[in-house]
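When the chains are written out, they are named A, B, C and D in that same order, and each has its own residue count from 1.
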Amino acid sequence: MRKTPKIINDPNACAAELLDGLVEAYDGEAKKVGAGSIVMSDLPDGKVALLVGGGSGHEPIYHGLVGSNMADGAACGDIFAAPPPNIVLEATQAVDRGKGVLYLYGNYAGDVMNFDMGAELADDEDIRVETVLIWDDVASAPPERKEDRRGIAGLVLIVKIAGAAASTVDSLDELVRVTTKARDNTRSVGVAVAAGSIPATGEPTFDLAEGMMGVGMGIHGEKGVRVDPLCTADEMAPQLLDIVFGDDLEFGDGDEVILFINSLGATTQMELLILNRAIKPLLAAKGIKVYDTVIGDIVTCQEMAGLSVSLLKLDDELKKYWDMPCQSVGYSKM
Amino acid sequence: MRKTPKIINDPNACAAELLDGLVEAYDGEAKKVGAGSIVMSDLPDGKVALLVGGGSGHEPIYHGLVGSNMADGAACGDIFAAPPPNIVLEATQAVDRGKGVLYLYGNYAGDVMNFDMGAELADDEDIRVETVLIWDDVASAPPERKEDRRGIAGLVLIVKIAGAAASTVDSLDELVRVTTKARDNTRSVGVAVAAGSIPATGEPTFDLAEGMMGVGMGIHGEKGVRVDPLCTADEMAPQLLDIVFGDDLEFGDGDEVILFINSLGATTQMELLILNRAIKPLLAAKGIKVYDTVIGDIVTCQEMAGLSVSLLKLDDELKKYWDMPCQSVGYSKM
Amino acid sequence: MSKANLTLDEVVAMLDRVADKIIASEPELSEADRNIGDGDHGLGMQRGLTAAKEKLAEGGFPSIDKAFMAVGTAMMSSMGGASGAIFGTLFRAGGKALKGQGVFDSAGLATFLQAAVQGVQDRGKAEVGDKTVVDAMVPAAEKAKGTSEGNLTEALAAAADAAEGGKEASKDMVAKFGRAKTLGDGAVGHPDAGALSFTIIMQAMRDYVNE
Amino acid sequence: MSKANLTLDEVVAMLDRVADKIIASEPELSEADRNIGDGDHGLGMQRGLTAAKEKLAEGGFPSIDKAFMAVGTAMMSSMGGASGAIFGTLFRAGGKALKGQGVFDSAGLATFLQAAVQGVQDRGKAEVGDKTVVDAMVPAAEKAKGTSEGNLTEALAAAADAAEGGKEASKDMVAKFGRAKTLGDGAVGHPDAGALSFTIIMQAMRDYVNE
């Protein structure tokens, strides 16, 4: 397969350079901190802080979710690599305004270990840190083993809610409560149809035979629930929803949800919209009302082709936070 | 080259199905009208109307730019094909609130002929129509032949301004004036590194030898100014800016601009950010202040790889319209 | 068995044959557009003439002009793109000029083509040499003018050859209109896609009367 | 010419050799991770040991424990990812246990490996059989315990073989941790990438003392 040509400089410097470019994209609203963090420039005193982060190469997440009523900062690792503890610490110190810091990131071993070490270092500096892990990928482990699940595109919805809450609440505990609720109310499932490649090597991150789809695969190509011949959008929609509805969170008559259809990179918005056309009647048939639909490529893996479907079940409190405007490179809302 | 697998149904029904899915993405805020238009549901009486449109397959434009403080409606054609006159008429009738309708679209022969025929039909129905053509691609013809230039990614900035103005101004003439100013203050240039494919045939829209880049190429693969070996992002940045600065619009010390770096599809946000890192110092060196940076894949051609750089030169009036919040599937702002 | 002139039913059958021929040529037409434009010309023509076939099958045309115009209207409202406007106009303007004619003969062909050229040029502003469908239409119209008192079979054969010649000549031209407009000399060596479509249309008409 | 024990300078030279070996193995390590994870393990190790080489070149270590720890700190703060935490901890925890030792000998190797296993397991919670670096580390540490009164050359040779055996055994395991964690039996047949790195590290140490 001919490789997608990349417009970069030194293939080993991509993570560092994209972070510089991202900071520039904020036109002063955010600044670079330490070796690999981006932090909002004017964080008010007494604000409860929200820190996100993870490996680079999945742009615009996580670092592109820094913004107004979004994350206060992000600790960024190299391509597909969790940020090291010293970077986590630098970001933590930069966002803390005395009320403590919530770490919100995807549940991957590398991220957990490095953020935990960062939290230990922050503790030495007397900064209070709490952690909420994102594990929305229902295809990655059964419901009894939530802590083994991966975090995928549902993170965008969770960070949006947490960011709005962090601008509003008075205490870290309150932010943990709201964010945990958003996390617990979110379910996602993905499908991969072609691999992205690692910029430094040009190698695809996984192998998938031509004409096949990996149902439930993760955003780095982690194994899903099955590999089948690629089907149509109309056939795919019920398969994906069945996986979500088969999980432990009830979605039923009268429930209101945020629906997010995410492209993993090269899959076009045309395709996301065609899938949306197939999904909406299936939700309606269950009596589920879509409060807001988000369509976009916000959680990507380079030029990987595939998509994911995420549902966030709302209650009045979550709706209030969802309705707040927000602005970031990755997701904005009027 | 192995084709990017597409998640679709009938390859010949993509345009119709994506429009249905797009309407669904608006969750009631917009509705489908006639054979191929999308129109905001609650347009106030007396509003000056903004109608955009063009071929499908470039999602999220144009139809994804319908929204609050954005376009009131869009007339959509089949994949890469301007909408037929009857669809333009249906959209025109649906958005008109008695103050007339501005047609704002890219300068392609098919679009011009079909929208002109639509305007003739609208005239029969006593609806006043004015037209502003978007021709921001400086690489497509010399400045003396502006009317031969293509419309590319700069359209997003122009539609954003026009949409804000359309919510504000009292008369169609005033909307034409503001929109024309935004159009005349916008310049873009693109570069292609790999072709997208037509969903119905799977064929790439153009041929570009491996390892090469088409500087100045259009979003359908129209010829640019030269084909060179693919260079680094740092080398590309000054080449693209030189083409823009070589044009008739002065960009100089003290000017404020909106900078938009757009991906044509498969080019990642990582790459856009790495290019942004290279562009910002070049603008700073000329004394140009970036008022706002937009990074995203809003004007695409399926899984085409490549990007474009657009600059919109602001004045106080344009800045006022830029600052207004807006919401659409394709572009939103807090 | 060649025909001197065509009845309304035969005109409808001929147009149906034209539609079949264009639909079958989709890959060739798309490929032609890929070389000079965005590669969708065959798909647009296929869409337009599929819609036209439906209209033709519905029937109920009072006269031959309405049959031609129905094809044009179907194309114009289903295709979009440059070719929807151009080929829609071609059949609508050409058809309109046949008003009052009971049969389609060599004089009708000349009338049809002349009005079609006028309509297409009014709409698209292209001149001969701009690498558009006009380059195939103008020679065909001129040839038909010269054969307008002869036999329809021969007139169509001559017009089809003239169209083919114009299409071939378009290979050396630099495109000025449509999505190909700024390809400049990158398109030299390839014929214009719309000129190819027009040639296939004329050949299908010729082949129909030759059967 | 094999060595019974290593001076501080030799330890630094040995660690530099380890770094070179890992850096050169980048493609092999990335490929191993591609089969079970996200394909970046070689790149991370390359980054970490390039940073470690810089620290080693700066020199100025008061004792051998600090040299090992400097490698760990450099890896931990430059790599990120699971392996940054794991291999950083490996060298830091292992090195820390060597405090007060003037030379590096077979007893030191046993001490180093035992503390490294402890640190890595405290950090990552992986057990033998979970298809991680632990599967290569534990057999090596156990072997080193048994050879801790013998010759360093032989101890390192035995530990390297034990690591290699553990790495081979990891082929049949189902991954539970890291980006590979949910690959499940899809990764069966491929060794764990971190176990391969650890094996290469032990082999490079063995080869250094064997020269």
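As a convention for this text, a residue touches a chain if its C-beta (ideal position, glycine included) is under 8 Å from a C-beta of that chain, and two chains touch if they have at least 3 such contacts.
Keep in mind that what you see is a predicted model, and the values were worked out from it rather than measured.
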Per the contact rule at the top, check every chain pair and give me the one with the most C-beta pairs in contact. A-B
Would you mind pulling out the distance in Å between where the CA atoms of subunit C average out and where those of subunit D do? 75
Between subunit A and subunit B, what's the gap in Å when you average each chain's C-alpha atoms? 28
At what distance in angstrom does the C-alpha mean of subunit C lie from that of subunit A? 54
Per the C-alpha centroid definition, the whole-Å distance linking subunit A and subunit D comes out as 32
Within subunit D, the set of residues that touch 2 or more other chains is none
Think of each chain as a node with edges to the chains it touches; is that a line, ring, star, complete or other? line
What chain pairs are in touch here? A-B, A-D, B-C
Which of the residues in subunit B come into contact with subunit A in the complex? 1-2, 4-9, 14, 17-22, 24-27, 56-57, 59-60, 64, 68-69, 191, 193-194, 199, 210-211, 213, 230, 232-234, 236, 265-278, 280, 290-293, 295, 297, 300, 302-303, 305-307, 325-327, 329, 332-334
For subunit B, which residues count as touching subunit C in their complex? 12, 35, 55, 77-87, 108-110, 113-114, 117, 140-141, 148-150, 198, 200-201, 203-206, 218, 220-223
Note: in the complex, subunit D contacts subunit A through residues 27, 30-31, 34, 37-40, 43-44, 47, 76-86, 88, 123-124, 177-184, 186-187
